[in-house]
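Shared between the two complexes below is chain A, which has chain B as its partner in the first and chain C in the second.
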Partner chain A sequence: MAAPCRKIINQFVKRSLKCFEPRVIPCRWSNTVRNHTVEKHRHSPLSSTRELVNQQDSPSDVMVPREFRFVHPDFLPYPVWNRRDRVREKLEREDMLKRRAVIDIPEFYVGSIMAVTLADKNAPGKQNRFVGICIDRAGHGLYHYFVLRNAIDGQGVEIKYDMYNPLLLKIEVLKLEKRLDPQLYYLRDAPLEYSTFRLDMEPVSVLKGAQVPLNAIKVKMNPRPWCRRWERHNLKGVLPLDDYITEKMKKQKQHPQIEKPWEKHDLMLKARTSIDDREVDQIMTEVYKRKEKIQKEKFQKRGQEGKREVKKAQEVKK
Partner chain B sequence: MNMFRFPVRNTPRKFKKSFGVGSGPAERIKKLQMLVTALIRNERLEAKESYCLETRGYVEQLIQIAIRNGDRHAETMEKADFWLLEKDLVHKLFKVLVPRYQNYSTACTDFHFLPKKVPGSGVQMGILELKGNPWPPVVPRQRDQGHLLTNVLLSSAKAEYRMEKKITPDLRNGDHDKLEQAANT
Partner chain C sequence: MLGKLFPIPKMNKIAQAGVLVFRGPNACVSAFPIQSFSTSPCLNQIIKLSRMKVVDNSMLGRKAELASKPARVIHIYNKKGVGYLGDKVLVAIMGEKKRAYIVGLRQNQKENVPRFDSNNIVLVEDNGTPTGTRIRVPIPSCLRNREGDFTKILSIATKFV
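What follows is the complex of A and B.
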């Protein structure tokens, strides 16, 4: 009888002693931030203003050029307000700037003629260069992309490039210009002469600080069938389509369910599906500052390297 | 910054039958125009809960863009002209409401639920109002009764009793009962 009694007493003592032991935090969370901790800051309205408070100098000190937001639309976040994640956006912006420090991404617009060099292990020379007109640029943050179109051997070719793809070696703008429409997918249904560009095209030089030229060319479309109902898109860069469409199609186009006149002044629709101007300014000032800082560091590094090389050369001479 | 200053639904409400059977999004906007105009005119609105809450967003957005852009901005003027059916209210928006809400960091409207009528249709009604309106408040404010003579006398008597018995009650934790018990014994 004595042995089991001793066991029970031992257990009792151990249990009572456990209460006085210092508590140890489980080690599985030691090197990570728990999701619900981050989640708080993702949705908190305070997190957007906190940046302003923490900044050493107020945003009014930095004058961001007005065109900056149109030159860098890729920094704008996903506009649907209830699906946004401010922490992820900030981290993505940081990654984008890091990538931009490595590769030179020039200013370009839909309608510019560009050349892209891509690392391709199966191509001769392990590189692939494609020239074409930019027919679309879209995507938010790190997932920004652009589409180039060219006619090769009488066949229309379109390639979609992710702008922050690490396989991209070089992005050149051969001719910087804008078109009348935000997207040029209608070139698919236009004669190939409008989307034919020489692969050995030489870059056209543009004066620094000059306005980006607008190419107001009006495209003559092929007759139907088309890949989309272009008559409903209110295209500006296309000659009138009245000859190509039937009377019924003209009537259908004016139907209120297709025209949707009630969406024009819908304030809440706009608020739900676009980013506030003030927030755009805030993001752009942040990006502009970081970019300037990165450039300064780059120059400093170059300077240091130059000094080292000079020293080395002097030592060799001695 | 783009955050709304009041709870917003992810999707807009469809106003079914706002102008009879068969009304669609065009009629919805028409109804909203009337509600927005009525709210800016009277500063208080009594309607269905869904109507009130949907109107709230549009009024807030209208006042926000009016504050931000001023009356020299063509697009803002166009929006004000569209949403305010009675044109004298455009002056009220820029001359009265903009100065009133300029320094607000919260929403400029308030919403209150009304009780359902029984017997009656079980429609949830509500009240939407502009803040700082001249009407008497919807929720009655409690008067501060601490300075009434009887209350002053009672509180001083309590304090005296406490001093005598050397009781230090923690009023925050609801020790009123203990105090009374002590007083009875």
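What follows is the complex of A and C.
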């Protein structure tokens, strides 16, 4: 009597428990990683600074040229310390080098005249070429970008290009130059002759190993209105703006809250907005090593292809 | 007592200067005494009453340019009420109502899309044919995939960037 009764009860319990079994229900965020998981990996020893510094202390066998960091500012990570993710930075650097193995990204600075060929499905030749002066370059890691400006038919045109965009087919530097300012957005408020470049401009060759020439041109600005308050920007590549601004603006410019004379002594601000010098060295060493390796592989590949072609030609001759 | 409770807002600094200066796409300088001014930052967006530059070679556009009376947007044919690249607008130009397409914007654009120094439009008739026969400035290449009446504008364009 007791045994069948127990059986029935067991079955009933099993059935009722089945309703409470955990099921995997596809929900809206099921394909994403939880925030605390990401946080955990951020705090893991893999992504800590101490380890990196220890690695750096070991003597490195390669000597990285000092100017390498100025040639490749795109490899420098985002400087805000609490938003950094060293694992992501490393993966990004790897991706950037992979892209650099495919496309030749030359050395350029703000003020250089460049030409960019872009894949454009709507254009007749599936390509679109734009020539202009580089007025800005910014962004960290894979999101590095540069802005080109030119005046075509008396109309100022600016295009922003993401440097690691796979749509970019070719980046050429027609004239390697530097300017006095880190950004040239003031060309928007200058006469168009300062930002007019021929679209069929021929590249100017620069001696290898020579210093990058500095173009110390002083731009004469248009009278106001301007798109920004240029008198407050301490521009070096611009003729004095005193004729264009009022007495009141001159007085306002010298106001301590606008001039901010304490900023150059603010060590905390510097620490917050820049990356440790040793870490930069470490990153640049890593990049330099990988780059050399990729170049070697490239040469080897070319050599093999050349050999194959020679073989083919010989066979054809026979 | 009342003044303490409800302090009268101080007059704006620009107003004290006595010269009215607008910034952004609708930039103009007026030496007249101040009538009205806005203290909010410029949006650089094409909304109603934005001033536009006619870039085709139509007589109407040239006349408006010579008289320095730029075309003003009075309606935008989309639900947002903000005009972007390739949108159709209704403009008031030299006392006339005309339809037009936006072919260049001053505001910041996405990557690979050109940003121009002025807000450009091309006038069209009510049936969709362009009023002019030639466009004097380059046109963004991203507009090339537009269909419908826009192809008529693309056919009179001289350059693409």
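Observations
Quick note on the criterion: the second predicted complex is superposed on the first by the 254 of 318 C-alpha atoms of A that agree within 3 Å, B and C clash if a C-alpha of one lies under 4 Å from a C-alpha of the other, contacts with A are read in each partner's own complex, and residues count from 1 in each chain.
Basically, contacts are C-beta pairs under 8 Å (C-beta built on N, C-alpha and C of every residue); 3 or more make two chains touch, one makes a residue touch a chain.
Computed from a predicted structure; not experimentally measured.
Per the definitions stated earlier, placing chain B and chain C onto a shared chain A by superposition produces no clash, and the two fit side by side. In the superposed pair of complexes, A:Pro256 makes contact with chain B only, with no contact to chain C. Of the two partner chains placed by the overlay, only chain C lies in contact with A:Gly156; chain B stays clear of it.
When the two complexes are overlaid on their common chain A, residue A:Gln183 makes contact with neither chain B nor chain C. Applying the stated contact rule after C-alpha superposition, one finds that A:Met268 touches chain B and leaves chain C untouched. Once chain A of one complex is fitted onto chain A of the other, the partner contacts of A:Thr196 are absent, as it touches neither chain B nor chain C.
Of the two partner chains, chain B is the only one that A:Arg278 touches; chain C does not reach it.
Once chain A of one complex is fitted onto chain A of the other, the partner contacts of A:Thr117 are absent, as it touches neither chain B nor chain C. Taken over all C-alpha pairs, chain B and chain C come no nearer than 21 Å in the superposed arrangement.
On chain A, the surface touched by chain B in one complex and the surface touched by chain C in the other have no residue in common. Chain B meets chain A in the complex at residues 1-4, 8, 10, 12, 25-26, 28-29, 57-58, 61-62, 65, 68, 78-79, 82-83. The part of chain C that touches chain A in the complex is made up of residues 17, 21-24, 27-29, 55, 104, 108-118, 120, 136-138, 141-142, 144-145, 158-161.
On the chain A side of its complex with chain C, the touching residues are 118, 120-123, 128, 130, 145, 152-162, 165, 167, 188, 224-225, 227, 246, 248.
By the touch rule above, chain A contacts chain B in their complex via residues 45, 48-49, 81-82, 256, 260-262, 265-272, 275-279, 282.
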